[in-house]
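Chain nomenclature is as follows: A, B, C and D, assigned in order of appearance, with residue numbering initiated at 1 for each chain independently.
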Amino acid sequence: METENTIRRLKTVEGHLRGVIRMVEEDTYCIDVIRQIQAIEAALNKVSSQILEGHLNSCVTTAIQGNDKKERERVLKEITEVFEMSTKV
Amino acid sequence: METENTIRRLKTVEGHLRGVIRMVEEDTYCIDVIRQIQAIEAALNKVSSQILEGHLNSCVTTAIQGNDKKERERVLKEITEVFEMSTKV
Amino acid sequence: METENTIRRLKTVEGHLRGVIRMVEEDTYCIDVIRQIQAIEAALNKVSSQILEGHLNSCVTTAIQGNDKKERERVLKEITEVFEMSTKV
Amino acid sequence: METENTIRRLKTVEGHLRGVIRMVEEDTYCIDVIRQIQAIEAALNKVSSQILEGHLNSCVTTAIQGNDKKERERVLKEITEVFEMSTKV
């Protein structure tokens, strides 16, 4: 169900993106195009946050409660990595 | 030609996004999905920068060299606005 | 006067940053420290936007209304560059 | 030791920020000031990532391995929140 929600949101973004392509084809005012691209990015950020939330409550929790130290370190390292990347895009 | 370049880039992003939707449908590891979404956002940032560059060299230059003070103020205010928004998405 | 406003804002950020250093020294809860650092970044973004606004209304306007093509190109290129960087920090 | 490292990094940022204030006082070219502010933000992002890394390996791990469900949910919710905020600043 969470997956369906993610797919639905990403398909909405896809529709939004196709709309932006049409705007460029129709020679819409540049600033309006940039604003729509920024709206798409905000929507994508929201999707990423929701995926991360699901991930923390499933895989990460399982790994940390498990006995595999390497696996625990791996899942936590990934969280730091996507956090750091999120400050760059 | 610049417009065609923008459309081509946005269509590449659209293909990338469809790939991400497929990844979610096929239950790909969450972190890999998040990383792909971040790659899409980086690509969209690049497109926005290029659109802005074109805008500065056309509309903004024309407006600033023109005699309409209101219009000059308007185009410059928009630049500040999209800059400020870019720090938020 | 605009310069004074910028200096005042940056000094407020400096005070905020010193507060964060104190928080770390006093072993404040990590998440609260991260939130304060994010608040500082939001404040810095605001300062950057205001500096850019002033720059557009002074140097950029003068350059674009001037006769030096190289200079016009230079100031516009810089705007695109700081815009692009703003999507990365 | 990790705390000392964080403090040292934040004090470096403080020195950088004081340098930027001086630049504004001395009427340095706007774009150079904006670039230095962006460099400060990149440094702050790095500090946040490191604090988050430490937090994941201590508090978060302890909470998830513990028996308090509310506490587990709380620490995970906070991670999602700072991640989401990181996409906005």
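We adopt the following convention: a residue touches a chain if its C-beta (ideal position, glycine included) is under 8 Å from a C-beta of that chain, and two chains touch if they have at least 3 such contacts.
Quick caveat, the model's predicted, so the values are computed rather than measured.
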- Hop count on the shortest chain-contact route linking chain A and chain D comes to 1
- Item | Chain labels contacting chain B and also chain D | A, C
- Message: Can you report the angle of the rotation that maps chain A onto chain C, using C-alpha atoms only, to the nearest 5 degrees?
- Response: 180
- Item | Inter-chain centre distance, chain A versus chain C - centres from mean C-alpha coordinates, in Å | 26
- Note on the structure: Whole-Å distance, C-alpha centre of chain B to that of chain C, is 21
- Note on the structure: Whole-angstrom distance, CA centroid of chain A to CA centroid of chain B, is 17
- Task: Please list all residues of chain C that touch 2 or more other chains.
- Result: 45, 48, 52, 82, 86-89
- Task: Name the graph shape formed by the protein chains and their touching pairs; answer line, ring, star, complete or other.
- Result: complete
- Item | chain A contact footprint on chain C (complex, rising order) | 87-89
- Complex contact set, residues of chain A against chain D: 45-46, 48-49, 52-53, 56-57, 60-61, 64-65, 72, 76-77, 79-80, 82-84, 86-89
- What residues of chain A sit close enough to touch chain B in their complex? 3, 6-7, 10-11, 13-14, 17-18, 20-21, 24-25, 27, 29-31, 33-35, 37-38, 40-42, 44-45, 47-48, 51-52, 54-55, 59, 78, 82, 85-86, 88-89
